[in-house]
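Note that chain A is present in both complexes that follow, paired respectively with chain B and with chain C.
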Partner chain A sequence: MGLGAFYDQHPRLILGVASIAVLEGAWELLLTYVVAYNPFFLTKPSLIAAAFNQQIIQGKLWKDIAISSRAFALGLALAILVGIPIGAVMGWRRRVEYALDPLLTALYASPLVALAPVLIIAFGVGLTAKAALVFLLSVFPFVFNTFAGVRATDRVLINVVTSFGGKERDLYLKVILPSTLPYIVAGARLAIGRALVGILVGEFYAASEGIGFAISQFGDTYRLAEMFSGILVLCIAAVALTEALRKLERVVAPWSAEQTSR
Partner chain B sequence: MIPYIRAREIGLTFRPKNREPVRAIKGLDVEVGRGEFVTLVGPSGCGKSTFLNIVLGLLRPDTGEVQIDGRRITGPGPERAMVFQEFGLLPWRTVLANVELGLELRAVPAAERHRRSLELIQMVGLTGFERHYPHELSGGMKQRVGLARALATDPEVLLMDEPFAALDAQTRDLMQTELLQIWEKSKKTVLFVTHSIEEAAYLSDRVVIISARPGRTKEIIKIDLPRPRDYEMRLTPQFNDLKLRIWETIKEELLVRAG
Partner chain C sequence: MRGYREREPFILGAAVIVLLIALWEAVPSLVTLSRGMALFFTTPSKVAATFWRMLVNGELNRHLYVSGLEFVVGLGLAILVGLPLGLLMGRSKTLDALLDPYVNALNATPRLVFLPLLILWFGLGIWSKIMIVFAGAVFPLLINTYVGVRNVNRVLIDVVRSFCASERQIMRIVVVPNSVPYIVAGLRLAIGRAMLGVVVGEFFGAPEGLGHVIAEAASNYVVDKVFVGVLIFMGMSLVLTMSVKKIESNLTRWRPEETKTF
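Our next item is the complex of A and B:
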């Protein structure tokens, strides 16, 4: 297969990788040949790659990654379990919306990371406090997107199902749920980014282990290449999770995945 | 003739919150014989779609009642099915799954609803598109799915709410002719709503003209043209005379509204 044909098949992959490669290359060249840099303040991709190799491939960071992943998964799972039902009820019951909307909007808009010290006082250093912070940051996209999805459900489709003899249960399962699903997936995309921030902040504030703790330790000791290798782990996690979500959307909501990818 | 559908003295006023109530229909009488094709026409906003939703059982009238085969209707029922104006297809369902919807809601076994749906997909000429999603179809194809879905439950009465209004003129002509062919084969009772005089005259046995809002029955015009009808029939003087009669009756109502 020629290069041109390969490009025609995977333009998204190739252009995405290319822009990363250009940035990394420019960064490397700039610091190697143009700027005389102080390794205390700056680092470059080749050094980061070496540190990444040392930390990841040789396994020093794996334990931290595992610890952070637990808090991340726990907080996010809780956010899904709590956020989706709240959003659904807000969408379906006007009074619940009126009662909760101002409160939740205020919380969503405010910088919740400021609550990190409070959570650490309440739950102590460790898994619970971190999971709580992840939950707090990532629950709102689920609430508001589920709410918007339920509210945007086409009245005509409710009428269609009712007219063919559908009961309330059928309306939920055959209309409201599928019509809300793409909104929830979009919410998950926002939630993942916020959850990663939650993990990081939680571990910056108070932790003795975890990827955030490792990053801040490396930073404090001027080991920039190692620090960036930790950040790189987070980048990879974010991209991988977003890609996984895209795949998931294609499975659970093929009608909307195809429309949005165009 | 004892009418199969009998709607008498139907009245309905919408009472939206914080706004003036809107009297949609008042004293609407419609009778449809078994196997008859009756079309309601009238100025926009005259409540003809509202009336169809009452017959479907989605809306309750304030006054009067609708009987089907002598029984008063109180909600949706298996003997009625609607073809919706904007198709009303579930975007997350394939053509096949959309056609199966009504059967599924009536708990028809999977194998049976599959067989029946494929049959109807063939009848409306969509064989080969069973696995397509609605957004991959043209407007005409979408409404074929809507028609197949309504016919799949084998209702006695087909209610059609401006089903071809969203289609381009040529697709519309084609769909009208196909609808007539399907109707002549299946012998369903059809209650059709349109704002197109041409469509009303071409399809119907009788045309019921509804007054400006609040809608009531203004006049009933019998369309005494031979069947089966084809496109060429629309060029005959008799057809144009009928169109003119319908137009003149509706025009009075348009002038009432304007004045």
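Our next item is the complex of A and C:
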């Protein structure tokens, strides 16, 4: 297969890879041969790669990553456990929706990270405060997406199941859950982004360990290559999680692929 | 009682919010707080009193001005960059393929991770905040514009083109008007991100601004002042998001309601 034919088949892949390669190359060459740069302000890809190797491959940063992951997982798990039932009840009982919707919408729309200092006063510096912040930010996508999913359940399907003698339990397991699941997965994708914000803010603001702390510490000590390797780790984790959920979205709901914007 | 059923959503929603505030107010008289807790506990009435005092003695003016400036300039820059870039990426397959890896990766990563870097580059003043607001707000605008452009009906473009329209005329007559609802939705998301940028940006070493007020009050354990800041941020985001939401629903009355995203 010629190069031209390969290009015709995968133009996006090739252009994307080329664009990254050219940018990295230009960055490296520019700072190596053209501009005399100040290492306190700039760094170059080769140094970042070295730092990445040292911090990640050889594992200096793993301790911080593990600590952040704990708070992330704890907060997110709590958000799932609380958010999905609330959303389901709101979707199922109209009065509950009326009662909770204004409050939750207001909280969802406001920058709740501003509460970070309050949480840290209340829970102290450490795992609990970070997990609480993650929970607070990521619970709303679960609530509202579950709500929308339950509400979007096809009435006809419900009628069919009941008229064939289906029990309440069948209704939940055979109709409502399958039709809500794609919404929940889409909500999880939103929630992950917000949960990462929670981790970062919690660790930038007051922490003595964790990936956010490490990044801000590298910044404070002008170790730019190390800082970039930390940023890169977070970037990789975020992209991996998002893509995994997008895949999952396609698995649980192949018919509604790409219903929400990125 | 005529009309209760119509007003039920409003009544129930308001009742829950009022009830919660009343409950919060009543906590100190219902349970005896431990000495440590009592020191940090505040009630809505105290928060309101503090808010009024800060408003009257002009303490808030300067901070509000700084935060507002960061918000407006950052969001303005994001619009200036995001909209044209989104239009171009939507219209040109090559540009789309070249930029997509960056847009995708950066959009999945919380841009707050760049805060230490931006503080290093732009200092502790207003510009590092403007840049973090910009970084947060630009992607929702860019991506929604892009999606809007991509979703334009091909037939419309073909019609205009067969009447010998130039690319500029296609843009002006078909593409831009059809993307407006998407752009407005992007603006709503961007407002949330921009607010997040202002809050978090000002938490760290800012000399002034509402986020700084919160952070400083928290480190002095003046909890009612913290809540004043939080409430102002909440109020601002609510007013802004709700008004954009209003515009949005006027523009897209024909579309089924989607799940909430902020």
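What we mean here is this: the second predicted complex is superposed on the first by the 207 of 262 C-alpha atoms of A that agree within 3 Å, B and C clash if a C-alpha of one lies under 4 Å from a C-alpha of the other, contacts with A are read in each partner's own complex, and residues count from 1 in each chain.
Assume a contact is a pair of C-beta atoms (placed from the backbone, for glycine too) under 8 Å apart; a residue touches a chain by one contact, two chains touch by 3 or more.
None of the values given here were measured: they were computed from a predicted structure.
Novice: Once the shared chain is lined up, is A:Leu136 touching chain B (first), chain C (second), both, or neither of them?
Specialist: neither
Novice: Touching A:Phe144, do we find chain B (first), chain C (second), both, or neither?
Specialist: second
Novice: Report the partner of chain A that touches more of its residues: chain B or chain C.
Specialist: Chain A has more residues touched by C than by the other partner.
Novice: Looking at A:Ile120 after the superposition, I want to know if it touches chain B, chain C, both of them or none. Which is it: first, second, both, neither?
Specialist: A:Ile120: touches chain C, not chain B.
Novice: When the two structures are overlaid on chain A, which partner does A:Val185 contact: first (chain B), second (chain C), both, or neither?
Specialist: Neither chain B nor chain C is touched by A:Val185.
Novice: Once chain A of both complexes is superposed, is A:Leu157 in touch with chain B (first), chain C (second), both, or neither?
Specialist: first
Novice: Name the contact category of A:Leu47: first (chain B only), second (chain C only), both, or neither.
Specialist: The answer is neither, since A:Leu47 touches no partner chain.
Novice: Should A:Gly219 be classified as contacting the first partner (chain B), the second (chain C), both, or neither?
Specialist: second
Novice: By the touch definition at the top of the document, which applies to A:Val197: first (chain B), second (chain C), both, or neither?
Specialist: It touches chain C, and chain B stays clear.
Novice: Jot down the residues of chain A that show up as touching in both complexes, chain B in one and chain C in the other.
Specialist: The overlap between the chain B and chain C interfaces on chain A is empty, containing no residue.
Novice: Along chain B, where are the residues that touch chain A in the complex?
Specialist: 53, 56-58, 76-78, 80-82, 84, 86, 88, 90-92, 101-102, 105-106, 133-135, 153
Novice: Name, in rising order, each residue of chain C that touches chain A in their complex.
Specialist: That would be residues 8-9, 12-17, 20, 40, 93-94, 96-102, 104-110, 112-117, 119-121, 143-144, 147, 182, 192, 195-196, 198-200, 203-204, 211, 214-215, 217-219, 221, 223, 226-227, 229-230, 233-234, 237-238, 241-242, 258-262 of chain C.
Novice: Touching residues of chain A toward chain C in the complex: what are they?
Specialist: So the residues of chain A in touch with chain C come to 11-12, 15-20, 40-41, 95, 97-103, 105-106, 108-111, 113-118, 120-122, 140-141, 144-145, 148, 183, 186-187, 190, 193, 196-197, 200-201, 204-205, 212, 215-216, 218-220, 222, 224, 227-228, 231, 234-235, 238-239, 241-243, 260-262.
Novice: Okay, in this complex, where on chain A does chain B touch?
Specialist: These residues of chain A touch chain B: 156-157, 159-166, 170, 174-175, 178-179, 181, 253-256, 258-259.
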